[in-house]
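The structure appears below as structure tokens.
Each chain carries a letter (A, B, C and D) given by its place in the written order, and its residues are counted from 1.
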Amino acid sequence: MVNVGVLGATGMVGQRFIQMLDKHPEFELTTLAASSRSAGKPYGEVANWYLDCEMPESVRDMEVVETDPSAVGDVDILFSALPADVARKVEPKFAEKYIVASNASAMRMEPDVPLVIPEVNPEFLDLIEVQQRRRGWDGFIVTNPNCSTIALTLTLKPIYDAYTIKRVYVSTMQAVSGAGYNGVPSMAILDNLVPFIGGEEEKIETETLHLLGELDEGVVKPASFGVSASCHRVPVVDGHTEAVFIELDDEFDIDDVREAMDKFRGLPQKLGLHSAPEKPVVVRDEENRPQPRMDRDMDGGMAVTVGRLREDAAFKNSLRYVLVGHNTVRGAAGASILNAELINEIL
Amino acid sequence: MVNVGVLGATGMVGQRFIQMLDKHPEFELTTLAASSRSAGKPYGEVANWYLDCEMPESVRDMEVVETDPSAVGDVDILFSALPADVARKVEPKFAEKYIVASNASAMRMEPDVPLVIPEVNPEFLDLIEVQQRRRGWDGFIVTNPNCSTIALTLTLKPIYDAYTIKRVYVSTMQAVSGAGYNGVPSMAILDNLVPFIGGEEEKIETETLHLLGELDEGVVKPASFGVSASCHRVPVVDGHTEAVFIELDDEFDIDDVREAMDKFRGLPQKLGLHSAPEKPVVVRDEENRPQPRMDRDMDGGMAVTVGRLREDAAFKNSLRYVLVGHNTVRGAAGASILNAELINEIL
Amino acid sequence: MVNVGVLGATGMVGQRFIQMLDKHPEFELTTLAASSRSAGKPYGEVANWYLDCEMPESVRDMEVVETDPSAVGDVDILFSALPADVARKVEPKFAEKYIVASNASAMRMEPDVPLVIPEVNPEFLDLIEVQQRRRGWDGFIVTNPNCSTIALTLTLKPIYDAYTIKRVYVSTMQAVSGAGYNGVPSMAILDNLVPFIGGEEEKIETETLHLLGELDEGVVKPASFGVSASCHRVPVVDGHTEAVFIELDDEFDIDDVREAMDKFRGLPQKLGLHSAPEKPVVVRDEENRPQPRMDRDMDGGMAVTVGRLREDAAFKNSLRYVLVGHNTVRGAAGASILNAELINEIL
Amino acid sequence: MVNVGVLGATGMVGQRFIQMLDKHPEFELTTLAASSRSAGKPYGEVANWYLDCEMPESVRDMEVVETDPSAVGDVDILFSALPADVARKVEPKFAEKYIVASNASAMRMEPDVPLVIPEVNPEFLDLIEVQQRRRGWDGFIVTNPNCSTIALTLTLKPIYDAYTIKRVYVSTMQAVSGAGYNGVPSMAILDNLVPFIGGEEEKIETETLHLLGELDEGVVKPASFGVSASCHRVPVVDGHTEAVFIELDDEFDIDDVREAMDKFRGLPQKLGLHSAPEKPVVVRDEENRPQPRMDRDMDGGMAVTVGRLREDAAFKNSLRYVLVGHNTVRGAAGASILNAELINEIL
């Protein structure tokens, strides 16, 4: 068993880490770090548990430690659910000694930090060596993308492999859990929606191209098509929905696209990683799916569900679909854990 | 005063007609028609009033009549809130004698039936003469577009007038009232959204181009750009939100687009029609607007609110914005009433 | 294995039956009956699956039969999720030959039909003999109470056993699933609640006293205190919440009441029935629990969660609490299944 | 015109004050006070406007001042929407010189501070003289009750005047706006409800009896029956719903109770105060009303709507009903304004 810890353990994503690491076959959760306000107290006392499952017994009495490398003790991997500003300061300190599998956005675009979806670009892990060499660290940082980007990119990958993508337009309808427990006041969202999520559109537009890019002599060359995103918060608890419009350079048969998505498997599937979904992308043919409440938990929340896959007669070589992905599972904690499982398997 | 009636008076849009016609300065509501089940009874008894204002006193005791030309008596204009299949059968019969201002989709695409937004294409009313001649009717049918189309097209019109539009992608987030009172079960939409609305995408894609087209010797030639729509139902009571992505053929300054929208006025504004909003399109500069609960009632629900107007760096000559329009006011009953006010003024 | 079937298999409660019977260790689901419209077709084709888990593979291709005793074939127990009016007509016909474990309200108050919660009044099953004798049936009907009543009565039982109850006031906040998939339009409940559920208050007031009554020489003598209910529908998908006010005839220590609830076990617990929750009533001490989304799935949805247990200083010998129970699991399908498990064990 | 100001002008209730004072015929809003963070800046810049009407033009450019008696200038009445802890400190300072009409709970239970609903206990204003004498103030403080209490007490008053009340049980279903804009996270309330509102039950139980009490030689003697409250937050934007169970000492005819409520008028109605509703209590006879979204705006939000008025057969001399009142209008800002209108008229 590998000893692991969670940084930012009391927040929404921190809690998902704890839930997903409970009874994990390879990772033993031994360390929970949070702000100094919580340090020294049992987790069960300081955490306001938000998930609709019970808090695992194993963490109830675990003493929370400070978010400091000197406090975490004997662990190999630290999962980071820290806010971006805190992450930027402390993740590099942890990486001097530990493996940091981070869901924070802070370090994603550092040229020597791998931003990875295991099914999409596992080869970016080669950057670890660059990172360690350049920074003189014994540990390293590996990051996963933004929640909306992960779901989008998983569905783009089989298309990207088979065709030349020219344009992607994506309009998101994102769950409130993505903003953290206190992020969206109920007054803001009941009988309403909010057509703005700070920084989200930029992340989708940048990270997607990065993930589908190539690693060339230690440098990531982003993919060269265009991505335009419009992001909206809707009154849904969990599960991001995205309407995707794609223009290709090639002619295509929509059944071939469907098959490419359905048949798509990546390295986690080949290696049989514990958290890997059987199919990264599940295609449904009902006319009114996917729906967040119905499809967010597909394969434990680790698969993305695609529906309404159809040609777009308005434009040449164009198609459209709608996807749903669980934003705090596949889009956050589960993404970091899958990254760590891959690292644990291949490094 | 012009005597008017409402066909389909007990439904959601029928009730909006009644609310908006109450105390109307030109139209006197004298006739309420509904199914034979309700005929012969006082409206207050048969109507399950859904709006959050009180049922107007004036209709409480009004006897409902059958949806039959022989039953409606002394009226000039009939507003139709009928379902499409019923409308297709009975609207032509009413039009033999009466003016039918219809919100139903049934007759919108008939070549001699004007599909009109008064600010956009009032000249299409010239088709009335064609229609009456061809069909030998004393009355006629005039229609307004689908709720999502009206809001979209009002915002496209000032852009279309100043630039050459190449592409429009639109992703809608539509209120449940658009499906009628019983249309969307609560089980389908609480903590959820539904990425499908039957026929809606086709209507948006077809009607928008029709409205922005030209009337040439009695024939409508649709505009020639492409429109692609993805439609989604969200847990919002009233007010449709649409994320719009546009590619132009021209270079543009985003401030000019903003000004074109803000300065946009149409014939209803020039004529000072009773239900005309001061500005058909209201542009807001806050980063998190428009929102349906906050903006749907803009100018009594007759103005469309645009926000997040911004360039789209992903593609050449491209821009994006989000709009909110009230689906049962500007998108339905108010649209038909404004059509009737225009006809009453100019014919 | 006992072969079982579901009557009314396509509805909300019918689907819960199917979900809960999937992989059941004693019951083999072999028959699905629905209206003649669905008969002869595979279940996967006729059922609009509403639950947020996937439809079990085992029923996808199962051919639906008519709701007729001649059509159900080789089964021992039939679970009924029929509407009350249909149940009244057909359940007696099925009972001539089969065991009918019914969630329908139709037969609950028949003097020879046991209305049973296994933890509360298992001895009422003695009525089966009376029923068979009187009606000349080879099978019989056993019923479970209304969803709100089950949750309330499970929490009253340990109090009733230890004290003399004088008054119970209960104000419910009920989930929309209780009305069936199409029961509550979204227009009726978004940003709203509805303070009326037809027949519900009467059921709670009658059934609760019946369940806590005594079986005396084949006749149920209801408990003799008063129950007053006010029922309200709220925008929650699953899980009924009830605010309960109780006046006792005795002095009490609130800690004793807490302990009585916490320690409460019934026959299903003693017998270790498959669907029996470990504790029928789970008491939580957090000040803001129970909450429907957080607590409805307690012990697979079969336990009722109580919180805010406190003295009521306004009145002598009075206390108050709030409960949450899963209305379609413990309050419907799970209740019938637990009844059947008990019958299967003891008869 | 009387010059007035608002303390706590940027919050939810502060905004309601501004909305309701806009175009008020007697009160001229000249002063907006908020925290020092906002002081010195235009209101339109510092206020995050939450209401679904537009911010009144008249306050957009008004400079916000500090919450300090030296800063408010030439005003007669200050409406206080301050949090309780701040109110306790600063309201007495303002009262040295100004009339403070406060919605804060801080001073409500001070023996010399009138807690007043103008229709219920206007005579409590006699305490003003006691207050000024005892404290040596030129101004004074008058308070209105908690939002839930106001609605409840308005409906109890006509019953209390005609009968002897023995018991009141009330179960509330309260809107999220009652907790302020940021009070209830959307994660806490979507597909959920929260059965706890800090301090609310105590306020209802205490204030109701105080309001229905008697002023005897400068001392309030509370009414002597019992009130027991259970309070719940539900996913509704505005409008508190309350299920009320009452036991009387007398026999009654339910039609007489209905008539007493319907005929109930108070001093504000007699004096024709500007914000006084025509009827303080509106009784509806539909079986499924009142509903918050449909009834909260009754008479501009100043009337309370009662429905489901019915006998309670479970207990002797008992009745039940459900009420809806607008929590930030009649339950907060409107309550303070009506108090001020009464003072302005009679003092």
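Just so we're on the same page, a residue touches a chain if its C-beta (ideal position, glycine included) is under 8 Å from a C-beta of that chain, and two chains touch if they have at least 3 such contacts.
These numbers were taken from a predicted model, which means no experiment stands behind them.
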item	value
Chain pair with more C-beta contacts, C-D versus B-C	C-D
Reference chain A; chain at largest CA-centroid distance	D
Whole-Å separation of chain centres (CA-atom averages), chain C against chain D	41
Averaged-CA centre spacing for the pair chain C and chain B, given as whole angstrom	47
Junction residues of chain C - those touching two or more other chains	190-191, 235-237, 293-294
Chain B to chain A touching residues, read off their complex	167, 169, 171, 173, 190-196, 205, 226-228, 230, 232, 234-237, 241, 243, 245, 287-294, 307-308, 312, 314-315, 318, 320, 322
Chain C residues touching chain A - in the complex, by the definition given at the top	52-53, 190-191, 237, 293-294, 297
Chain A residues touching chain D - in the complex, by the definition given at the top	12, 50, 176-177, 181-191, 235-237
